[in-house]
Amino acid sequence: MSKHFAIIAGVGGGTGRSIALKFAKAYPVVLLSRTPTSYEATVQEINATGGQAVGISADLTDVESTQSAFSQIKKLYPEGHLAAAIFNAAALVRQPFLELTPQAFQQGLTNSVTAGFNFSQATLPLLLQCAQVESSGTLSPTLIFTGATASLKGSPNFAAFAAGKFALRGMAQSLAREFGPQGVHVAHSIIDGIIDTPVTKGWGFNGAKLTPEAIADSYWYLHMQPRAAFTFELDLRPSSEKW
Amino acid sequence: MSKHFAIIAGVGGGTGRSIALKFAKAYPVVLLSRTPTSYEATVQEINATGGQAVGISADLTDVESTQSAFSQIKKLYPEGHLAAAIFNAAALVRQPFLELTPQAFQQGLTNSVTAGFNFSQATLPLLLQCAQVESSGTLSPTLIFTGATASLKGSPNFAAFAAGKFALRGMAQSLAREFGPQGVHVAHSIIDGIIDTPVTKGWGFNGAKLTPEAIADSYWYLHMQPRAAFTFELDLRPSSEKW
Amino acid sequence: MSKHFAIIAGVGGGTGRSIALKFAKAYPVVLLSRTPTSYEATVQEINATGGQAVGISADLTDVESTQSAFSQIKKLYPEGHLAAAIFNAAALVRQPFLELTPQAFQQGLTNSVTAGFNFSQATLPLLLQCAQVESSGTLSPTLIFTGATASLKGSPNFAAFAAGKFALRGMAQSLAREFGPQGVHVAHSIIDGIIDTPVTKGWGFNGAKLTPEAIADSYWYLHMQPRAAFTFELDLRPSSEKW
Amino acid sequence: MSKHFAIIAGVGGGTGRSIALKFAKAYPVVLLSRTPTSYEATVQEINATGGQAVGISADLTDVESTQSAFSQIKKLYPEGHLAAAIFNAAALVRQPFLELTPQAFQQGLTNSVTAGFNFSQATLPLLLQCAQVESSGTLSPTLIFTGATASLKGSPNFAAFAAGKFALRGMAQSLAREFGPQGVHVAHSIIDGIIDTPVTKGWGFNGAKLTPEAIADSYWYLHMQPRAAFTFELDLRPSSEKW
């Protein structure tokens, strides 16, 4: 029986949920969100359909909260190997620059790269452990970050969001180059378009949105890549997107 | 029975062969190379193992030779739909700039972007046709170009090769934006490392090469992406690669 | 007599000093650093050679300290127009990722993008004011950020530094697009190499370093660009640099 | 008296003319265009206002025509040192991909990168010669290529133009890395917007165009950069440009 498991951070009703459902087909999954309301329905859905899921409330922008969550995780899977860790947390900030408060700007950074840092520091030791065990096999333990159009382009009124997303990408690149040779696959996905989620239902763009399922499939594909061909950056957009 | 088929241009003993084997699991495949010696063994291998393959000699740098090859293809599959077209042709040129002859520089361009242009003009009408038939389905007809490190970076002594690879990428971007909304998925892969082929066997880099199989799997994944999430650019490198 | 003035943040013995000397040939300059020891010698040098300079101690990572410094600046130049603001603060962090403390990572961000944010919020209203006054003239008020190789590439062991530098670039791009149409020129310079400063004297690389004077000249050039041709990103490296 | 001279390729009524006027303030200049009607007025203007200019008809897409032009140049300046060479030739192609003829696509390449190659092969030996003479001095012999938005982005209907411009940029990068350490400054400018020329007079965009004079000033600045701080890529756009 597989001792592998996966952790998905940032699970609400959209992309995070689909990623959790996808990875739950292969592994027990841990879902991290600030509040149970974000993950409860998805945890139930997975457990009700033959998978194994656990939800843990954690504020990844906070070091202690992160550490506390990972203490619980290690108790849950004392002999488990972390096969995949997905950082999908995000919080859009859009505001004219001179109307941004220092707090709002800081939030743009913290929700993105500080949370990503805390998540990476907690998961990389576990992923490295898994890489040692799997060194002769084909499974590559994987750390995936969700990026956005704003990871590559700072648009007007997006100073806070772009700062956070650029920073996350810079950190992810550094991690990919540092941990790739040790067998951990670090990847970054550019989600270049609107995702079809409960939140964006009313926005129009019919047939011109990314689906959470398609994103989840792509993340699974990244996880399946062998050491002989790792992708760092995967751009994803609807076929009709202007870019 | 499926009426789909695939065309792979640039088939020798390495990546092209593996791509052909991979796509032959799903479709009849047409292999294009300048000379039969390049594709014969792969055609036999596919036909001997339950697949369907045909080899056609064509010089894609030449318009008439390309048109002649596609006339044959249309006779072979009069009612077939082109599901995937892979442009994998390449020819490394590496030389100090002032030692390059105009002919050598021109070859660097012609073997890359002129051949890619001829291939695209011949395949896109067929891919568009397939997209119309498949518009309600999940198959996205796909055109994939093989790029290299030199697609993104012009290194010393690589003026001719980089010019050709940059040009191919620029054309591929334009095609992705023009034909994506019409349902054809155009993608470009950055092969960032040495590929393990008969040619590179003696080069060392053991365990630090891309495998043709892993590249082929990636191309198949690109082909499987639904309209809800197309990737334009996929970088691929061995886990141990410095980049 | 000119009512224009300039502010240079991050003045030590190297690049900041040369930028201050260069801009002091045209404007009174305000030098901002955490401690007087950083700016005193340069302030004296400028005042002793016919220029006008004032040093103000400020911690730009702190909102209140920044606001206090700008209160002093507005008293010094009650009718002055801010022609140029240069953000040159930096602090290299280089460490294996799993040895980084959360504090060290946070410092990497704070010293770069948080300080850059505070500086931008304080200077942009003054630069916009200047742009209105100069709207018919040729002077374009300018905000310049100093970037690095790590602004474009996250190398191993540079997670904290790259995160901060990527973030600063993302914010700078957003500001350029938001404030350019209002007449404020926002630019970002990629310093791609070792700068010849007192700190790097012993590092070797003779004849293969950037000089602070050449960087200062480039920043002045950016400031001189008319609205008809603004540069956002200027890469600078020694002729012998490998890149 | 200075033995330096400059060559400007691609001189019509717009940018090339302004570049020639700018460099003619310092050096005798040679103007290259296919037909005398392109350069005659500018040659007269320079000679009538105290400068020295010579026009030579040359088709840079053709090796022999290029060589013939450079034979004439060497006779004109037997002891001269080539201080600056500017490649400003271009020809916009904009067409749906499937309506492009192979000839039109080829023209897109030839007018851009083949002409750029021939020009580089003819000028680099002269620039290297100048670099040896100037090795202790401050003048850096310079080769500048004019790029466009399409150098970085392949837009729909721009396959031919983008292929040519991407290729030129790839070659220019390779040359910068090969010849920089030998003291020749190779640079590439991204002209990201409409230039205000006789051709574009009727297009609107008032006050939102690049001026040829501002571009010429930027090229002169690139030429003035010392070995301690070379810029490879300079983006230029009007302050009001959306990008």
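Residue numbering begins at 1 within each chain, and the chains themselves are lettered A, B, C and D in the order written.
Keep in mind that, in the parts below, contacts are C-beta pairs under 8 Å (C-beta built on N, C-alpha and C of every residue); 3 or more make two chains touch, one makes a residue touch a chain.
Note that the coordinates shown come from a computational prediction; the quantities given were computed from them, not determined experimentally.
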*Enumerate, in label order, the chains that touch chain A and chain C alike.*
none
_Shared numbers divided by all numbers used: is that above or below half for chain A and chain B, i.e. same or different?_
same
*Averaging each chain's C-alpha atoms to get its centre, pick out the one most distant from chain C.*
B
*Rounded to the nearest whole Å, what is the centre-to-centre distance of chain A and chain D, using the mean of the C-alpha atoms as each centre?*
46
*Compute the distance, rounded to whole Å, between the mean C-alpha positions of chain C and chain D.*
32
*Note the residues in chain B that touch 2 or more other chains, in rising order.*
177
_Can you give me every chain pair that touches, using the contact definition above?_
A-B, A-C, B-D, C-D
_Residue numbers on chain A that touch chain B, as the complex places them_ = 140, 177, 180-181, 183, 185, 196, 209-211, 213-215, 217-218, 221, 225-243
*Quick one: in the complex, what on chain A touches chain C?*
63, 96-98, 100, 102, 105-106, 109, 113-114, 117-118, 120-121, 124-125, 150, 153-160, 162-179
